[in-house]
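What follows is a group of structures, each given as structure tokens.
What follows is a pair of complexes built around chain A, which joins chain B in one and chain C in the other.
So, the complex of A and B:
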């Protein structure tokens, strides 16, 4: 029984949150890795792209809520999501047209693109804060839990409770669907294959008659969609605060690099690697330890390796270890 | 002359060669010569001069032509401008002078992509396959511009290169050097080209594989696709060539049928090692 309780506690505090967080990171890292693979630069504005898409979604959610439009137990944000994606697409295509294309025509070096994206990041960051403000925004409504602690305890009679939030379930399901559609697109459609070909060997792709402008536009469309979905899921799960999204850039980049830049499967694996490391290292294991360890070995302290304030250090550490021992990442992306 | 000095032969050799070229019976420079008559040629780059962006001229009044249904080969020492001449015909070089015609149409101002659409299939020397994609996907990408059914052409390619059919779901980057070259040629064939340009197709493959590749290239030519090929393995290439061009320092030095060039003592001495 103790072992079962330990398992439930572990699931409740580590596994489920880490899976949800990992899915959000994976979606973000997929966007980063696609840009790196196809447009060949590290997009520092990705976190703020997520913030912008989420902001538009939040605004539409509030508007729907004020009109009394909801979708039952599910968050209204799901209804607003397509509008958020549209808004994000418009912003990103405009950015590409006005800024990135100028440098693409000049065949600028990747490092120049990185610095340009840094500038774009500050502008997007400014736009978001200007429109919605720097504060925390809540836009979650609908049913809060799929399984609540009280129901779980009543159901199983266990001492420990297990809760699955609606947003967590939603995150995982959405992530699976999005990743499935994305991989089908990349591996089985003509346009998707042409994007992979362009990422693999640009010159040969041009010689094969693949239109680079079309590839670039479709890449941005996918990236905007992924970024908005990742941002909204994260915002529903935690809350929406522009600065947090800027900070998300670090774990997202860590995930993409750990998995291997330019490799979509790597981005997903990297997302979960980072999420699980972050959560397990910053979790206080006392509760689980009490159930599992024999009487004499009960811990006095919290058994927490690192305070949650240092969770970003975990991303950094993993990033360093991977770059030292496997510079192309776990799934052999392009060398950085 | 401000170009890369040739590595394989001494300077002396070149002086004597250019002198000989003027007097030589096989020299292409005399007018009315059958081999310099480019009016029937399917693809021709006529008196091309030019070089890479901002660089010095690499080609000097160089003429290369491929007649329908034949194999033409460009040979010559390192740095002679062989690949550059081929790239010039594809529009990858800034030409200061010269005309490129494909099927009697002037294509001098077209971009490389447009020339591919017009029917020029090109296999570059390096990075000529999509290494992260399967063999079949490589072929599909070759046919990207086509809107009709491609399965027929794919069957033809698989008939020509049976080993590719066995490995069609394998990632192309995992294949051997010879197999990669077959993928590269197969990809170019998928566009249903009217003429095929190969830049050193046998670079870096073993002699046995090289012979096999040459056999395949002859088979492609038999289907009726004219082939222009740059080759380091001059002797083997000239053996299968209907027409050969010997280039030296960006100029035509000799030209003739493959057999003539092989039989010519001066060409043999200078380029084929005796």
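So, the complex of A and C:
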């Protein structure tokens, strides 16, 4: 019984949050890794792209809510999501047309692209703050829990409760669908194959008649979609604050690099690696330990390896370890 | 127009800009802008050394600046009574034990042969080391933080003159840079960017959360100053007589005088660093650095140790940022870890370097002064613009309210725009590399 309680506590505080967070990171890292693989630079504006897409979604959600349009137990944000994606796509394509294309034609060095993306980051950050302000925004509605602690306890008679938030369930389901569609697209459609060919060897792809402009546009479309979905899921699960999205850049990059930059499967693996390490290392294990350990060994303290404020340090430490021992990432990515 | 004439025009423009700001606002606020502009110029020099002369992409400037600030507290504040006996030694022992653990693990990794046994031994060393570390560390920290928590609750500093903190800040930043450079340099360029981005966040997290070190988000205020206090000046007979002769109000004069003292100190530091950098850049070493930047493969074929040179220049540039950080905390008179934000302390410096002209020290200084002025003035200017745009709207109209409130966020947008425009139309910056 104690072991079961420990397991429930573990799922409630570690496994479920980490899976949800990992899915969000994986979607973000997929965007970063696609840009790296096809456009060949690290996009520092990715966090703020996520913030922009989420902001549009939030605005539409509020509008729907004010009109009384909801979708029952599910968050209204799901209904607004396509509009958010559209808004993000428009912004991203405009950015590419006005800013990035110039450097692509010039064949500028990757690091110039990175600096340009810093400028884009500033502007996107400015737009988001300008429109919605720098504060926390909540846009979650509908049923809050799939299983609440009270129901779970009543159902099982266990001492420990287990809660699954709607947003957590939603995150995982959406992530699975999105990743499935993305991989089908990359591996089985003509356009997806041409994208992979372009990523593997640009010159060869051009020689075989692949239209680079089309590949770039498709990439941005996918990236905008992924970024908005990742941002909205994160915002529903936690809350929407522009600065937090900027800070997400670090774990997202860490996930993409740990998995191997330019490698989509690596991005997913990296996302979960980072999420699980962050959550397990900053979780106070006291509750689980009390159930598992024998009477005499009960811990006095929280049994927390690091305080939650150091979660960035965790993703960073993992990044360093991977860089030291396997510089191309777990699933070998490419290097420039 | 020769380069020299153009530079004179640029710097003349900056002087006119400052004078105009002084006439339209107040001399105190101009000196405030100039002081921070000088500090920004020092930071820009450091980044320019890394980027302009070696092509290293450092986005962790904020962390090195914060380390400089930390140095100010550790050097200049008086030690907390009883903190060292209560827990200081315990903390020190714990930290040494932590370092020893890592050292042993590294030793085991290098000396033992590959295999399951080695993995087990290393895991054993790390886990037992961590447990012992926490057992010694936690009670010591609690003891230190329990001492007069509303005012102290930290170890305090060494009670040395605050100016000594400036080079120490540089050394702190250099140490952190060495650790990062050792792991991330020599890998591909993006990794250094991510690694520096990460280390900056971690340094800030440590300073925010380790209360025993510098009180964390509770801030350390009342740092000793290298300049006299305004109140003392106002009570000083000689000073009052002097202001009487000049015909200035003594209170205004005292505030201006203090800011001027800071400005002179900052100009001195800036000048020294500038001369040293100019000499370094024009020496054979500087030529070698540019050769490496322009073609790493060729330079390596010529027998230059590219990774070692990169590490060297990365450490030096970060040290300059550390010095600037110590200067800034000294000017503020307090360490406020909560105010360190990457957009302000990392990316803004990048805008300065790019706009000023990467690869040119004079350009970095110009960019520092000019962009800092813009950063401060965008808010009042933006407010003015918004007032003009909304002048036709009725009072209390939601759009007017929103626009007026949002004017404060014009800063980031403007900075991004300036950066992109310069990159596009004048990629070498205002004062290009020779």
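As a convention for this text, the second predicted complex is superposed on the first by the 335 of 336 C-alpha atoms of A that agree within 3 Å, B and C clash if a C-alpha of one lies under 4 Å from a C-alpha of the other, contacts with A are read in each partner's own complex, and residues count from 1 in each chain.
Here is the rule we go by: contacts are C-beta pairs under 8 Å (C-beta built on N, C-alpha and C of every residue); 3 or more make two chains touch, one makes a residue touch a chain.
Because the structure is predicted, anything quoted here is derived from the model rather than measured.
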Superposed partners chain B and chain C on chain A - clash or fit: fit
Which partner reaches more residues of chain A (counting touched residues only), chain B or chain C: C
Partner chain(s) touched by A:147 [first = chain B, second = chain C, both, neither]: neither
Chain B versus chain C as contact partner of A:208, first or second or both or neither: first
Touching partner for A:102 - first (chain B), second (chain C), both, neither: second
Contacts of A:196 with chain B and chain C, given as first, second, both or neither: first
Touching partner for A:130 - first (chain B), second (chain C), both, neither: second
Once both complexes are placed on the shared chain, angle at chain A toward chain B and chain C, C-alpha, multiple of 10 degrees: 90
Superposition-derived minimum Cα distance between chain C and chain B (Å): 17
Contact footprint of chain A on chain B as seen in their complex: 112-113, 116-117, 122, 124, 127-133, 137, 140-142, 144-145, 187, 191
Of chain A, residues touching chain B in the complex: 190, 193-194, 196-197, 199-201, 203-210
Footprint of chain C on chain A - complex, ascending: 36, 41-42, 44, 99, 102, 110-112, 114-116, 118-127, 129-131, 133-134, 246-247, 249-250, 253-254, 257, 261, 301, 305, 307, 309-310, 312-313, 315-316, 319-320, 323-324, 327, 335-336
Interface residues, chain C side, partner chain A - complex: 55, 57, 59, 130, 138, 183-184, 187-191, 193-195, 197-199, 201-202, 205, 208-209, 342-343, 347, 350-351, 354, 405-406, 409-417, 419-420, 423-424
